[in-house]
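Below are two complexes that have chain A in common, paired first with chain B and then with chain C.
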Partner chain A sequence: MLLDFDKLGAWKWILSAVCALMALFLLLPILFIVALSFGDSRWLIFPPQNWTLKWYGELFADPRWLAAAWTSARIALIVMVLSVVLGLLASLALTRGTFRGRAVLRAFFLTPMVLPVVIIAVALYAAFLRLGLNGTLAGFVIAHLIVALPFSIITISGALETFDPSIEDAAILCGASPWEARFRVTLPAISHGLFSAAIFSFLISWDEVVLAIFMASPTLQTLPVKVWTTLRQDLTPVIAAASTLLVALTILLMIVAALIRKGKSR
Partner chain B sequence: MLSFFSPARRGSGLGTALPALLLLLAFFVIPVAALLSRSITEPELGLHNYRTLLGSATYLQIFLNTFMVSAVVTLITVLIAFPVSWALAIMPPRLSSVIFAIILLSMWTNLLARTYAWMVLLQQTGLVNRILMGIGLTDRPLQLTNNLVGVTIGMVYIMLPFMILPLYGVIRKIDPAVLQAAALCGATRGQALRRVLLPLAAPGIASGALMVFVMSLGYFVTPALLGGTSNMMVAELIVQQVQSLVNWGMGGAAAFVLLVITLAIYAVQLRVFGTEVR
Partner chain C sequence: MSSPYLHINGIRKTFGEVVATDHVELEIAEGEFMTFLGPSGSGKSTTLYILAGFQDPTAGDIRLRGRSILQTPSHKRNIGMVFQRYTLFPHLSVGENVAFPLRVRRAPQAEIAAKVRRALSLVRLDGFEDRMPAHMSGGQQQRVALARALVYDPPVLLMDEPLSALDKKLREEIQHEIRRIHQQTGVTILYVTHDQEEALRLSDRIAVFNTGKIEQVGTGPELYASPATHFVADFIGNSAFLAGDLVAIGAGRASLRFADGTVLADIPMHGTGLAGGKAELMLRPERIELTAQPGLSGASLPVTVEDVTFLGNSSTVSARTGWGEVLSVRMNFGHPMMGQVRQGDALHVRWQPQHAHVFAKA
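Moving on, here comes the complex of A and B:
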């Protein structure tokens, strides 16, 4: 009765209305910034009187925005590769090893995900001040890798758990070397997990704010740090333009992720 | 010839986890431990940082703000998420997939972009105030940013998906036959909701609520941007102590208190629900 949509009677309309309102609540701010980025009001009056591309012009005219985006992209790509490689290696041990303390190790690998990121940020900031890693690319990569790795491990372990290792044994019995079996049998079989881990890791690094604020220097900052410092000064529509481009990128990556899932289920 | 995770030696296999393990030890465990230890060594050995932290009205107010906001955010997300997840679990898939796409889009959209949207929407001349005045709910603009109201709205927006997704999973698994049985036994819709559906969904509500609460406790970005400097929460206190005041002792002490509360709540969750976090 309560779990049959068509037999809910009047409740069906109440539930649908709550759902629709919530969807609007989630969607409107995103549509709102997209609209603002094309509006001509510097004071962010909505709805705008006229439409313009000048905020995008300002965005691309300022080399600091482009430099920040390029820094973000480089860091996110390095984090993506390292996170998948380390995540794959760790997941192999977690899913196939039978050593003692495996469950503890798994919980340990996931702790950076559950701790408040501000604690990790402040702790790393102190450590990097001593090591001279503040304001370096390596500092950003290490910090982002710490928080991306748990997601990578969850995704890849999940894929490995559904893969039957005896298929790998079969390949070895048929004459493949262990490495050949791993590269040509196991990796293709879990490729959807590796791709998801890669997208997750990229997005985590690309969007990460708190760690980045602490790792940044005046000469090296990521896109979120640039948005953050600009936001603290004023609410210029240039941020709306930058945000809109970020939303576009998000939608693109969501479509890629959905296609990967589709490919997996086929 | 066969290596550590091939059939012959599948019994061992810690080896491949070593790079990740070393990385976390060097850049997570040791730095966090070092930060926490500074809370009792700086400026001199002792617990005086904790005495200052727990003994002054200013700092207690910050902890109170944090708990209040987190509790209100959790309550509001539960109230919205329960009907939404219930509807999502039984809707025709065509409809629910549209709503899921919207939830994922908002979840994946850059955090600063979302917070920026709320800063603009909630400002004095912002759309929300103009609508409120337009429909006559208020005759002059309400102060919705630079206070805890703004923080709460912004945080509810960010936390909703984290409540809806697990709760949806739990409601999805409830057998509709149980509710048919309730109806056959003469339960009205209200009774079936109160005495069958809600109790069956309770574990999902509780674990989602704990997660949202604990995530809210340590949240930094939204409170910093929407809350203003006079309405601090704990994460901002830690950053302020370390970055502006260079007081590592106090920063470490506040971090330690936040860490203990966070871990205690996760421990309760593990004990009560026996499931892994997320």
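Moving on, here comes the complex of A and C:
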């Protein structure tokens, strides 16, 4: 290898230090929030003097927090299912289709990834005003689907591209109807891609805050929006507790996604 | 006359301007091992895909036991196929791969277990039921694919260059297996390859494809001994061709004059030609020999030795004719002249009169 780590001499230590600092830089906010959620100071004093679980108690006792979490979960689950189903259909068209303009269509499907989210949010807000979708579950789902779908399409297309269509042909000659072949052979063979797409779609919706702020109403808001609005009213450590739980679920799902990828490459 | 078992009846397939197959006509007997041999792009796979139902012919018909199968969708044709690429279902074990055709047919569990065991035993993979395809070699995967294609007793087994991804030694090993399996099961096989050795080793009959047409159908020895066209003569056995003019024609024989005026008379001729037209003399390297003396008239040519290459059990001598064309002559180990031929020697190339052929050029 051109750059062999073991042969770098003093650089080795500098590089290691930079990496450690980077990791700290990325992790510190999370550690900070987690520590605060277990500290007993009402004023978010860092470092905490004593440890307590009372903020978690308050969180679970407050129906508004629970309602927000339930809303978030419902939206994320619906987005997850729709994103995988639509992403699969779009990916099939993009990888198997022979129609003209496929490349253009693919680029078009991916534009929400590069468009600033605020712009999507403003556009949707204006459109939903006319349709009466602001503050509804459907409004949230549509908004989150727009940003989740590109990831779904990339992941599932990638899995489909490594799947040889001759395998589907073989299943058909074995006596499976074309749909049976797709369900019994193609889908299981790309299941790692479907799982990854599902997890990322869920997480995108679960963590999303900009679109959600635009879509939210006083009676219907997601967990990140609840964190945001609460933060502007008073600085209670309950926010830290809620944030910690948000991060915990995210990390858990990321680990699952990593395990799926590792299982696939084994 | 009873109808043939499998009748490929005037199949034509075009892709826009490209003619992939042009009026392919072939009758295959039950239990026959028929090979499609031809260069890349000659329409072999297209013909198989039409049989499998993955493509519809532009014209023509396919009849199995007298009945057209073109209206039957692929998954109801009951045909078996082994592909060039590895097509085992990656998420299923070897046993479940082989069981798949029986499961979609809703066969009873006991029957499935028995048939899977029998099919795996046929390809000598007993006890591999629980292996995953990713943990098997290419040769093993193709054997599993073969077991999967045979487990439902298809009336016809299609094989599209199933061994082309394997190395030479493994390929020969599996060729033996395929031959044994054919004899053991009696299944009718249509096999595609562009490897003439493979075709000769496996087949009962060979159909030689060229640019979408069948040039000749026959057993290996027939194709070798009496090729119908220049293409077949060239593709089966690495023949040498010498270009000349036809000077006299009669009763399936011709005389040929070469560029330096040498005339060879009375050679068996294929195809139709006119005196004065162009033609080629075909000589097989193993049917000709180098001698110091000229042979019978019409069955030898004077040559100069260009180069000698030692190849172990034989040597190849490049010999230049009087008008500058170069012929390869094979000399087996132990030939009296081996080791004596030197570059620049003036010798003669000699053959038995029946082993030369003239092909008129269209």
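Rule of thumb we're sticking to: the second predicted complex is superposed on the first by the 263 of 266 C-alpha atoms of A that agree within 3 Å, B and C clash if a C-alpha of one lies under 4 Å from a C-alpha of the other, contacts with A are read in each partner's own complex, and residues count from 1 in each chain.
The rule is simple: a contact is a pair of C-beta atoms (placed from the backbone, for glycine too) under 8 Å apart; a residue touches a chain by one contact, two chains touch by 3 or more.
Keep in mind it's a predicted model, so treat the numbers as computed, not measured.
Trainee: Record, for the superposition on chain A, whether partners chain B and chain C clash or fit.
Mentor: In the superposition, chain B and chain C stay clear of each other.
Trainee: Of the two partner chains, chain B (first) and chain C (second), which one does A:Val227 touch, if any: first, second, both, or neither?
Mentor: First partner only.
Trainee: Report for A:Leu252: first if it touches chain B alone, second if chain C alone, otherwise both or neither.
Mentor: In the superposition, A:Leu252 touches no partner, neither chain B nor chain C.
Trainee: Name the chain, either chain B or chain C, that contacts more residues of chain A.
Mentor: Higher number of touched chain A residues: B.
Trainee: Quick check on the superposed pair: does A:Ala176 touch chain B, chain C, both, or neither? Answer first, second, both or neither.
Mentor: second
Trainee: Considering only touches as defined above, state whether A:Val18 meets chain B (first), chain C (second), both or neither.
Mentor: Touch status of A:Val18: first partner only.
Trainee: After the superposition on A, what does A:Ser191 contact: first (chain B), second (chain C), both or neither?
Mentor: In the superposition, A:Ser191 touches chain C alone.
Trainee: In the overlay, answer first, second, both or neither for which of chain B and chain C A:Val210 touches.
Mentor: first
Trainee: Scan A:Phe5 for contacts with chain B and chain C and give back first, second, both or neither.
Mentor: first
Trainee: Between the C-alpha centres of chain B and chain C, what angle is found at the C-alpha centre of chain A, to the nearest 10 degrees?
Mentor: An angle of 100 degrees, rounded.
Trainee: Rounded to a whole Å, what is the shortest Cα gap between chain B and chain C in the overlaid structures?
Mentor: Checking C-alpha atoms only, chain B sits 5 Å from chain C at its nearest point.
Trainee: Quick check on the output: what are the common chain A residues between the chain B footprint and the chain C footprint?
Mentor: Shared contact residues on chain A (touching chain B in one complex, chain C in the other): 169, 172, 178, 181.
Trainee: Tell me, which parts of chain B touch chain A in their complex?
Mentor: The touching residues are 1-3, 5-7, 10-17, 19-21, 23-24, 27-28, 30-32, 34-35, 38, 80, 83-84, 86-92, 98-99, 101-106, 108-121, 123, 125-127, 157, 160-161, 171, 174, 176, 179-180, 182-183, 189, 192-193, 196-197, 214, 217-221, 225, 235, 238-239, 242-243, 248, 251, 255, 258-259, 262, 266, 276-278.
Trainee: In their complex, what parts of chain A are in touch with chain C?
Mentor: Residue list for chain A touching chain C: 164, 166-167, 169-178, 180-181, 184-185, 188-189, 191.
Trainee: Report the residues of chain C in contact with chain A in the complex, numbered from low to high.
Mentor: Interface residues on chain C, with respect to chain A: 52, 54, 73-81, 83, 85-92, 100-101, 104-105, 145, 148-149, 152.
Trainee: In their shared complex, at which residues does chain A touch chain B?
Mentor: 1-5, 8-9, 11, 14-16, 18-19, 22-23, 25-27, 29-30, 32-33, 36, 43-46, 86-87, 89-90, 92-94, 96-99, 105, 107-120, 122-127, 142-143, 145-146, 149, 153-154, 165, 168-169, 172, 178-179, 181, 203, 207, 209-210, 214, 224, 227-228, 231-232, 235, 239-240, 242-243, 246-247, 250-251, 253-254
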